[in-house]
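For reference, the structure is listed below as structure tokens.
Chains here go by letter, A, B, C and D, matching the order in which they are written, and residues are numbered from 1 within each.
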Amino acid sequence: MKLPPPDPQLVEQLVYANRILYDQGVVDGLGHVSVRHPEVPGVYLLSCNRAPGLVRRADIVCYDLDGNAVSETTERPYLERFIHGEIYRARPDVVAVVHSHSPSVIPFGAVRQPLRPIFHMAGCLGTGSAHFDIRDSAGDTDMLIRSPELGRSLADSLGACSCVLMRGHGSTTVGQSIEQVVYRAIYAEVNAKLQLAALGLGEVTYLNEQEAALAAATNDGQIARSWNLWRGRIGSID
Amino acid sequence: MKLPPPDPQLVEQLVYANRILYDQGVVDGLGHVSVRHPEVPGVYLLSCNRAPGLVRRADIVCYDLDGNAVSETTERPYLERFIHGEIYRARPDVVAVVHSHSPSVIPFGAVRQPLRPIFHMAGCLGTGSAHFDIRDSAGDTDMLIRSPELGRSLADSLGACSCVLMRGHGSTTVGQSIEQVVYRAIYAEVNAKLQLAALGLGEVTYLNEQEAALAAATNDGQIARSWNLWRGRIGSID
Amino acid sequence: MKLPPPDPQLVEQLVYANRILYDQGVVDGLGHVSVRHPEVPGVYLLSCNRAPGLVRRADIVCYDLDGNAVSETTERPYLERFIHGEIYRARPDVVAVVHSHSPSVIPFGAVRQPLRPIFHMAGCLGTGSAHFDIRDSAGDTDMLIRSPELGRSLADSLGACSCVLMRGHGSTTVGQSIEQVVYRAIYAEVNAKLQLAALGLGEVTYLNEQEAALAAATNDGQIARSWNLWRGRIGSID
Amino acid sequence: MKLPPPDPQLVEQLVYANRILYDQGVVDGLGHVSVRHPEVPGVYLLSCNRAPGLVRRADIVCYDLDGNAVSETTERPYLERFIHGEIYRARPDVVAVVHSHSPSVIPFGAVRQPLRPIFHMAGCLGTGSAHFDIRDSAGDTDMLIRSPELGRSLADSLGACSCVLMRGHGSTTVGQSIEQVVYRAIYAEVNAKLQLAALGLGEVTYLNEQEAALAAATNDGQIARSWNLWRGRIGSID
């Protein structure tokens, strides 16, 4: 079967997503963002093993859900591409995935405390982030999701949430589009920083479940405004 | 009735206010700043639905206090323009309004603790910021001020203060000029960051009511110095 | 008596000091730095009322210790120039003065806790910063040092220290040269940030008096290395 | 004996290491990074007394383990070059050394609390950083490692660790290559910031010894990705 080549505009958007996540401090040299192939749900697009801030169009590779490259490439893949494939397999509703070590989120994973929405911008956190400890399913490891099995464990922990914290490692966020998952990853980081500050001040009133759901729905109609700002900061991508 | 076209210099100043608030970290892709029409008190100037860092002269629209555009535009308005109209209605002394999700202020709204002036630069905080919880008047919502009724509730909570914290959302600051409201919004954010740090150190001595009032009056004579610095960082706006 | 015109190189150095303090985050639109006239100890050089980040050669004015301009100028002076004059009067050893609202220092003034040297770079803090509360000598004010009398109170509180915290306002640092006072003001801010973090972690072992004095003496021989870096970031000053 | 001139590519890499450490906030005007001479284990390469952000190829000098220049130079050396020589003497496995006052690490040294790996990126911290208090071996000093004796004390405290915190001063990190030691110094700083935040949130689950060792081994295969990003930010070095 020949894979329909992905829309060049989708590839460009994915490159911008990489650059934006770096510019906004969600990823540093590591971390990655993928999108499901619009015509072939069992395939996703992801950069080769490159720092997100340096990703170009030619770096985007198609992988099947087992993590095998299905478009031509001679570059090394990311060790942790199984995060993407197994989440796409477990969650048919998911169209885009960000994995990062976004700094303010790490402490919450390390103390097993969920992110909760401290403001409307993070409504997608709902009643809280999910938690994943690789030690529970695999004992002592290098912490990385370097196999389909580990990817499945992570997808299990994610459940129906939009964000899963990974103890001693980072976090993974999912969405229904590239723009949405970038937005969610950026505001998960912002929310973590604000939640940390608020917890030092007193008893925090988070958005309740209904408020979070309503805010998340509203946010989805406003993402273009932020995306245009973020993209405008990047300049040329080639 | 034909609306007198606003002074081009006022429009330019409002565009700079948008850009400065972004450059100084008070707004990100969201947030907005308005000014009352100098000749028609029932009209205010506000950008269309655009990230403040991208606002240009052509984006400035005139709205009546009910939030209806009264100058020509084909662009979407901000969902929350009712913040501006209802504050202008309730507070004839107010000439300019900033609404933001400025980060250090959010935690104070989430724990229902007022900002208090920790240094003279924030004298306008007086004896403390006001507090608004949308849940008190409207139950579960998406947290946004998306109707005149919600705008009136917010204006009620603001009362005679210069700043109202909005639980789970952000804050709104008012002033007697564009320069003053920008100054106040910037130093509300700075004050929040310093107040948070001080509360972790020990018992804080804030400015008392008289000190705050005297400092606020002095600050008003010094704003041009800061405005020139902030504006000089922006470069061309078109 | 005709005032000998100050060395153009000293003027240039003072302009760089202004720009460096802004670039390093010690001052924003406000704050100022002065140097004593090398040939006339009763005169000091200070910018007119301008944001430090915008100061140019032509802005430098000579003032006598009472705060009267003694070189030609048509520009407004800083309201708080009395900080400089009265410290130069009280402390013949002082050659340069920085007044700032450097952010991490404010919380210490607000809780009346001294800065103490947490690392060798801040050895000049010795056994701790001095403290000044304007309320003690002048009751309710706008917090500013806007008269010779208030300047004398501040100089009294400074005593023989290198740094005095001013409650609800900022801090003032003194040194034996422009480079040294800039160095001290930058590392007072850094020290404050680190001291704040350490106090949240556990019991802090500060440099003792002897260590601080030895470190301060060593630092003085290394300032040029940092000054060259800081100055190189500024580019042209005109 | 004539010293074989070091490979120009190694010199260039060392210059980039200086610039990267400055760009990433690990060093400011102070701090230094060295590499062992690949052909002469008793010699190391280190800049003359220059801010790391300004170091150029011509500034790189060869020193023997006693801290004597063994290549031609007329420039002042760093006061603390003995850190490098004595660690190279005590640790034949070490190929590169970074000494810094990286800010988030200082508070841990001041309260004698080790850095522990809060995420896989800092796996090289193993079961914790080592601790050095100069007062233990030398009484009251200016805190600097300004003699071979003090260098030996520091090397003793470092032991077999990859990082030693120096009370009231900074820290020193070692590695098997320039890229690795730069990576380790950057993530020691990141880890410190995250550990500080997590300790304020609750009980932290660090990587255990086995996880840390496995993660460190994996990281070593991924350093090039980050190095390319960091180096790409620097531009021309001459």
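Basically, a residue touches a chain if its C-beta (ideal position, glycine included) is under 8 Å from a C-beta of that chain, and two chains touch if they have at least 3 such contacts.
Here the structure is a predicted model, which is why all the values come from computation and not from measurement.
**Q** Is the contact between subunit B and subunit C built from the same residue numbers on each copy (over half shared) or from different ones (under half shared)?
**A** Both copies touch with mostly different residues.
**Q** Hey, how far is the Cα centre of subunit C from the one of subunit D, in Å?
**A** Taking the mean C-alpha position of each chain, the two centres sit 33 Å apart.
**Q** Compute the distance, rounded to whole Å, between the mean C-alpha positions of subunit B and subunit D.
**A** Taking the mean C-alpha position of each chain, the two centres sit 46 Å apart.
**Q** When you check subunit B against every other chain, which residues touch at least two of them?
**A** 200, in rising order.
**Q** Line, ring, star, complete or other: which describes how these chains touch one another?
**A** Graph shape here is a ring: one loop, exactly two partners per chain.
**Q** Give every touching pair of chains, nothing left out.
**A** A-B, A-D, B-C, C-D
**Q** Flag every residue of subunit D that touches subunit A in the complex, lowest number first.
**A** Touching subunit A: residues 117-121, 123, 190, 193-194, 197-198, 200-208, 210-211, 214-215, 217-218, 222, 225-230, 232 of subunit D.
**Q** Where on subunit B does subunit A make contact in their complex?
**A** 28-30, 49-51, 53-54, 79, 101, 103-104, 106-108, 110-113, 133, 135, 140-144, 167-170, 196, 199-200
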